[in-house]
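These are the structures, in structure tokens.
There are two complexes below, and they share chain A, which is joined by chain B in the first and by chain C in the second.
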Partner chain A sequence: MKILPLALSVALIGATPAPYVVAADTTATSDERAARWKAIAQYIFGDRKIEPTDTLIKLDAPERAEDAALMPVTLTMPEKDKIKSVYLVIDDNPSPLAAHVSFGPAADPGSLQLRVRVDTYTNVHAVAETRDGRLFGTVAFVKASGGCSAPVASSDDEAMQGIGEMRMKFAEGAGPGKSMQATLMVRHPNFSGMQMNQLTRNYTPSRYIDKLSVSYGDRKIFDLDADISLSTNPVITFSFVPEGKGPLKVIASDTKNGRWEQSFDTTTTN
Partner chain B sequence: MLRDAFSQPRSKPASAVLVTRREALTCGFCLCCLPSPAGAAPRGLTEVGPDIFVRSGLHEEATLANAGGIANIGFIVGRDSVLVTDSCGSLVDGQWLRAEIRKRTDKPIRHVLITHVHPDHSFGAAAFAEDQPAIIGHHALRAALEARGEFYRKRLAEALGPDRAGVVVYPTEEVRDGIEIDLGVRVLRLIAHGRAHTDCDLSMLDVETGLLFPADLLFVRRVPSLDGSLRGWLNEIEKLKRLGVSRAVPGHGPAVVDFAAALTDLTRYLSVLRDETRKAITAGVSIADAGRTVAQAERNRWALFDDYNERNVIQAYKELEWE
Partner chain C sequence: MRAPIATAGKAAIILGIALLFAVASGGSTGDVPEPLGLWTGAMHGPTPKTLAGAAVVDFAAIEALLPGKPLLLDVGPAARKPEDFPSDRPWLPIHRSLPNAIWMPGAGAAPLAAAREDLFYRRIGELTHGDKAKPIVVFCRPDCWGGWNAGKRLVRKGYTSVSWFPAGIDGWQERRETAEVKPDADWIAEPAR
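On to the complex of A and B.
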């Protein structure tokens, strides 16, 4: 049985890139996968129990990722008023915790869409934390490989173009005080530390968005803590309730002290 | 659906070949080769012009049975020497081509083209090592091979066996814009294209006969795979049109086709892909939903549609959403 070191730090990933393809993981047994998840859960949640659920959180991911560097994932939380935060874990990625989203008072935690990298055949776990502090989890198995090391662009310079640029798209049809869906796009290469610089033939040091904070006026919609698993040019679709005065404000920061801030007017941006 | 046939490995253990196919397809790179359950051996050569021979590849993915011979490859004989294009899809595929060349001529093989990074076009180059040819590629080919070559080699080795797959061979001569190669009273004009099918596409024109070798800038019958830039590909098609040629050897499809008619089909697919993806983006359709709905009207027009279209949509979506 093999367990990747879970405390693998960001710096470590940058310094010692994982093998380009971990083919062995495709043959892991279900016992090995279960043991791995147990270890990951222990690392992230300590001794807290994770109860299985079919209702509190649902995970929609393709059985096979068409593009391992960009796999769309949808989390649905039908009993949204109970939800405090959600975790997305890609068990066999070099750094398994892909995202933790904590919802604030302006959020509609009913659904969330993300795009992630998948490095090898893996279980993907979605865990919801309820307001009363309990954890509920669900799992999907995904087939993909090479997503964390797939090149971002022809060159690092090209990949860095426009870094920090943001766009926000609003779904039509929301009325005042009603839930509104929005899609935030951030230009960022999100270097995982596993992509090879094609000129120097070295690995490009990791540099990725690790925090996103989105609020409406002075009310928080969500805080996102992310890792190397978010795809290049991260895109996140979420819902919020635009009560009171805006604007929608985004603060993004990355692991190399990059920080970007932008506000969006919900009435005119659409 | 073909896909469903492959997604039932439980009754029977998934063979290494099947794993390879899906891994290759889902690895974040487009790979023009998936296995088929009943692969046939590569077909023979067609003389598509004077001293121009082409082997038409099968609309399958690389398997032990087809030896990776799924792309159109061939050679041209000049007064002094032979040029091979493309290098073939595996070492054994390349060895087969080399044997076919030697049945027809003893002239030295001085040039081997690798028209782009994909394995069905690049892994036969090692079969020509003893000829010590110039290996010719786009100026971006080396970098692309460095980034992906080893990944491709492993996947191909799983499908064909390590001694049959071949190794990554890098270009010894890089084409920056265009060059001419003279085989002796036979001039070939090579063009390095902007990002299109991939970021390292090379095309070739046989000046004497006006026969164009657009490689994978032209797919016929087999669904195109997008691994470069959708808008770029449509631009490069316009440039190719201006060459005014009437016949071409596509990268996939029959050995030789009417160029204008083949371009019409290709342009229609790429335009539908572009327009419907744009529409989906504007309408707020998610990338996942777009992947399942865009370009479905094209489904019955192309072989292997279900294996590539959804991925093409994802590539198109992420290119076009920042417009």
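On to the complex of A and C.
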């Protein structure tokens, strides 16, 4: 493990974000992956420098996903008071920017978990933006493939059932004034446009959640910008500080003008 | 003493029937039989263990074939941009495959418009320099009928050294690095009909 920071710092000379050296990589492929990340980072962050970090953001993903359409990713931000937003980038997905989460005053940005689709064996980057405007990145290599085109259900009608329905689960044990962990589940097929209807053999048109906003009372917890990389029936685990009056409110919208709003009482589990 | 014998006989008959089915389906029970022609059902799903007229190869066999410079033919699908994808978000599709593979996205679809099928055969003819004995390896992803269909098309056309690699890109990237490949320029130059 001592090699990694060294390899990274060497690779980062010139302010070019680069992936860790992956064991299976040949040099040529490693260069190719580094070039890919550089192009993506340029697109998302422009000329802003991305500094490597072992402490500001950590990325946990299974090295080998059981289901490429439902890969859990956990982001941990131990120095949470410094964090303004986080980006999740799945390098080799056709749409690499999977999610951008901006935290509000009611957030506890210490951790965030979501489920994503992975199209092929790829580097995954997590980038934290601090309140003073700096960017810090980390990377992991994941082995999963086919997640973007895997069929959602046996039929589109079945996949559309209950669209927009939400459930919220609260972790137990949070005291007054302390942060509380919650898991939001939204029923939505999140059609990527790359899934073939198994009956008609036509591609199902894309329809996915692109905005999700969660607040406590009138204070924002987070805004999520997402796209086709988010799994069917998105599940997001986050933490917030339930100060003042609730309730916890979720507003979700999708690319076909769907809009759903639901409130949750933090004292009961829906 | 009669009962145990009867039971044993019954078991033997059941076993015999089971073996018969196993042989008929070309492998263990639950296998998918080869369709008579091209597969026109859903492209994603379990595929047969065999392809008449072609070899079915695993990673080790691919490695053994590589020194003979086979035509590596990838028929995996191309990424489709969502119709409502915002213009300010990065859309950067990349296709990783076996190094030096020729990528003809969708060439395993069935039915395929006659003009497209003609183009497919023309391109293969060019890439093999008219040598029907040239080794060709067809593949896409696991559980993809596209690779099977493309292999079937080649066998039907008289190619004699066709190998189908069902594990495809996943089977390769499990052990070796992939390389970015662009779609075959001639294959995508003519619009799909």
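Methods note: the second predicted complex is superposed on the first by the 241 of 270 C-alpha atoms of A that agree within 3 Å, B and C clash if a C-alpha of one lies under 4 Å from a C-alpha of the other, contacts with A are read in each partner's own complex, and residues count from 1 in each chain.
Everything that follows uses one rule, which is that a contact is a pair of C-beta atoms (placed from the backbone, for glycine too) under 8 Å apart; a residue touches a chain by one contact, two chains touch by 3 or more.
Source: prediction; values computed, not measured.
Partners chain B and chain C, once the complexes are superposed on chain A, run into each other and clash. Legend: residue contacts after superposition of the two complexes on their common chain; A:S145 is shown touching both chain B and chain C.
Looking at the shared chain after the overlay, A:P234 reaches neither chain B nor chain C. Looking at the shared chain after the overlay, A:R201 reaches both chain B and chain C.
Applying the stated contact rule after C-alpha superposition, one finds that A:P189 touches neither chain B nor chain C.
Once chain A of one complex is fitted onto chain A of the other, the partner contacts of A:P242 are absent, as it touches neither chain B nor chain C.
By the touch criterion stated above, A:L97 is placed in contact with chain C alone, chain B being left untouched.
Contact with chain B, but none with chain C, is seen for A:E63 once the two complexes are overlaid on the shared chain.
Of 76-84, 112-120, 166-174 or 184-192, the segment of chain C whose C-alpha atoms clash with chain B in the superposed model is 166-174. Touched by chain B in one complex and by chain C in the other are residues 26, 143, 145-146, 149-151, 196, 198-199, 201 of chain A. Of all residues in chain A, those touching chain C in their complex are 24-26, 28-29, 32, 36, 39-40, 43-44, 92, 94-97, 119-121, 143, 145-146, 148-151, 192-194, 196, 198-199, 201, 203, 205-208, 210, 227-228, 255-256.
Residues of chain A that touch chain B in their complex: 20-21, 23, 26, 60, 62-70, 72, 74, 113, 115, 117, 143-147, 149-151, 154, 167, 169, 171-172, 181, 183, 185, 187, 196, 198-199, 201, 233, 235, 237.
By the touch rule above, chain B contacts chain A in their complex via residues 7, 19, 22-23, 25-29, 140, 143-144, 146-148, 150-151, 154, 158, 195, 199, 284, 286-288, 291, 310-311, 314-315, 318, 321-322.
Those residues of chain C that touch chain A in the shared complex are 41-45, 77, 79-86, 89-94, 96, 141-142, 169-170, 173-174, 176-180.
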